[in-house]
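Can you read through this structure? Questions will come right after.
Chain IDs A, B, C and D follow the sequence of writing; residue 1 opens each chain.
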């Protein structure tokens, strides 16, 4: 199983926090991470390609193809730095997912990461007006700071986190990279920037970074409109061009921010 | 296909018996093995992680994530020792299952194991009040001791054992590790501690270990109540949180014993 | 992808013919090959195990488990020798099938094989009283001898051979091991010893071996009765024991010959 | 994952263009590439076999089996040369597809290729009389020449290209092999030589090769008739022989040109 990492820069960071926002339920984690990347003007430093990614490419509106990939950004803060991993896909097989997480952790660990936040959505199957944020941790010391910020950590029963957001916590724990997964409540039926905002509010507080919440609110509003447009265009395109879509893509992302 | 074994102790054992109780139909094998581990106060000595395990993690009630893993315990008896392999998952692919069994047998063989009992459920698709125990062996010498204990070994037609419980017998045979699979009759629809008790009664007799059958009965009763609670909580959680569950987890295990 | 070959003998053969009869449609190829192995009193010389085989084991009526495996037999004829490959399974994945064929061809080629016949069924979806035999070849020189024996080689359109019987011809061709696939017409719904007899009649003529056709006819009659019994027992067992069957097994084979 | 490349010639080429026409929607790309190969009398120079191809073989009308393979042709033009990759299959898994593209690019790059055109169909789910040609590129400099030839490059929304035609653009881009994917509008329900003609008209103009468009039109007409015959024969064969067909084959190709 091939993984290719192409570095375009080699940053030197001070015990950075890893923030993961790969596509998942409602694209909540991806939207939150992408917003933060833009707000902080984080810089891209590496791309990851893999034979375990889906066997297709995306065609952008311009006609340019977009390869399936994960991308790494870094940001140098006053007190501590951040590494972001985002992209347009996760792997297509259990083994692929496991090895992808190992690769991401290798890259983060090489840069000194000892902490992480993974971001995702928690689909509830019905519209959500005021999304709550749920949390799960791989070390108990992360529970108090999450609860202080209103994140629901303790639960009545057990649950699951599917994909990279959960596996990074699990595989990270074995390398002593500790942290939490923040999951924004979302319907699960469409891209949800509102849920992403709820997650982002918790995240910026945890990271101690300052971002304009006003700009964030505006972006969400803009995004909501654009997502709607995108959905309309997409339906039209589907009718017009009949392009076979085996998996949901994250085209909508292109209309945000 | 990656398998990582992390040893926390290095026991020295006298030709131990391997007892397998990984999750399967009705969690019969897992409940039986876990009960015995607790009764005997067996000690954990290794964890096994694998890229072939399902690509998710479990969230416990506490908010702590639980990684997909297999765990090894040992117990030093007066006459002979036992190695247990339990956990919250089997592998997700044929190759994964095969290589997992090879790995388990490597670990057991390194510690001197020449004998094994694998535990599982046999789903009959209807409620079972007085579960019978069925057996299959990889050496004929195991048939008489099973039949003496009321296990049904000979059958009218042929059948199958799916997963690790069967494959360990098959792959073990090639290494001259002989033994039997004990399967408790169960509906196949829910976690069945009653079937586990039937299997356990045969197993303790075969192993010649002494465990309080009273405590066992109490545990089953307790477990039954807790499983019911767990099922209720789980349904509630599913409604509340809509967590997507691609595969049955073994949350219920946390309520037992 | 692991393949283990265990040799129990090391025969020396004179440019043997490889005859393949692994399980497939109607078990036609397997029944034909097994009949011939018994008639000729061919000797077993190797077993092949693989991580690509299905992740289960068969339980025999005796309670003994039967591992998933392929088996190799040889027979020393007056003029030329035969290698047989039979077993209770093919691989579970495209890569597994390809590598299995490579392994079988390695074993055959090491023993000097330059020719092969692969045996199978051709399902027509309706009862077949007088099964015809269809053929496909990987070298044109095999067409005349097949047609002389009433095999239908030329066809109106194109078709396919799925699995090892076809792939051995394809991968064998690249090693200059030439031959034909013989396919007995069969319903595709049940084990079909009658179709196997049709295939076998062509095969013995091609191989120039002499076997009692009377005994063969008797066997088919016996087999038909036993297959019916087996089917009945199996249904009963399924009802009684509810054993989950993800794939058709070849239990019925145990009742034949 | 095994890939075997067998070279039958070792051409020396002047920065050739890679043209891909593997089977896909409506066999549009394959028909277009095969027509051009025949028109130009391009020469075969290599075959590629893989364990990732489907686990079956095709039986031709003659009774000869046809292995699953990809084939490479070259053509020496007055100004520049062409490499063609065609065949009867793509890979069966994401990893297989990715590695197949790497292999194709290795072969093309070794011969000096720095440019490519991949050909395919774009299924619209309804009959198409005057097929339009859609395009996607991995470098913006390919957009103007495509648009000059009436290809629709810019679109209202985003889309996808599934399989080798898209992945070659994506993986090629990382090697600085640039080019475009040309997709002929087609119903997606049957083999479509008319759509292939539309694609071919654009392609020959882009490549600057001269081919008889008259012969092309005649061929399409012939092909249409033959495809119809083939479909009829195939239906008959299916009824007569009941050959199980897990995947569409490209038998119809044999009737074209």
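Please note the rule applied: a residue touches a chain if its C-beta (ideal position, glycine included) is under 8 Å from a C-beta of that chain, and two chains touch if they have at least 3 such contacts.
No experiment lies behind these values; they were computed from the predicted model shown.
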* Structure fact -> Of all chains, the one whose CA centroid lies most distant from that of subunit D is B
* To do: Could you check if the interface between copies subunit B and subunit C is built from the same residues on both sides, meaning over half shared, or from different ones?
  => different
* Asked: Using the average of all C-alpha atoms in each chain as its centre, how far is it in Å between subunit B and subunit C?
  -> 37
* To do: State, to the nearest whole Å, the distance from the C-alpha centre of subunit B to the C-alpha centre of subunit D.
  => 52
* Which residues belonging to subunit C are in contact with no fewer than two other chains? -> none
* Quick one: which chain pairs are touching? -> A-B, A-D, B-C, C-D
* Report the residues of subunit A in contact with subunit B in the complex, numbered from low to high. => 25, 94-95, 97-99, 102, 122-126, 134-138, 140, 143, 146, 153-163, 166-167, 169-171, 173-174, 181, 188
* In the complex of these two chains, what residues of subunit B are touching subunit A? -> 1-2, 4, 6, 49-65, 67-68, 92-93, 96, 230, 233-234, 236-237, 240-246, 249, 251, 254
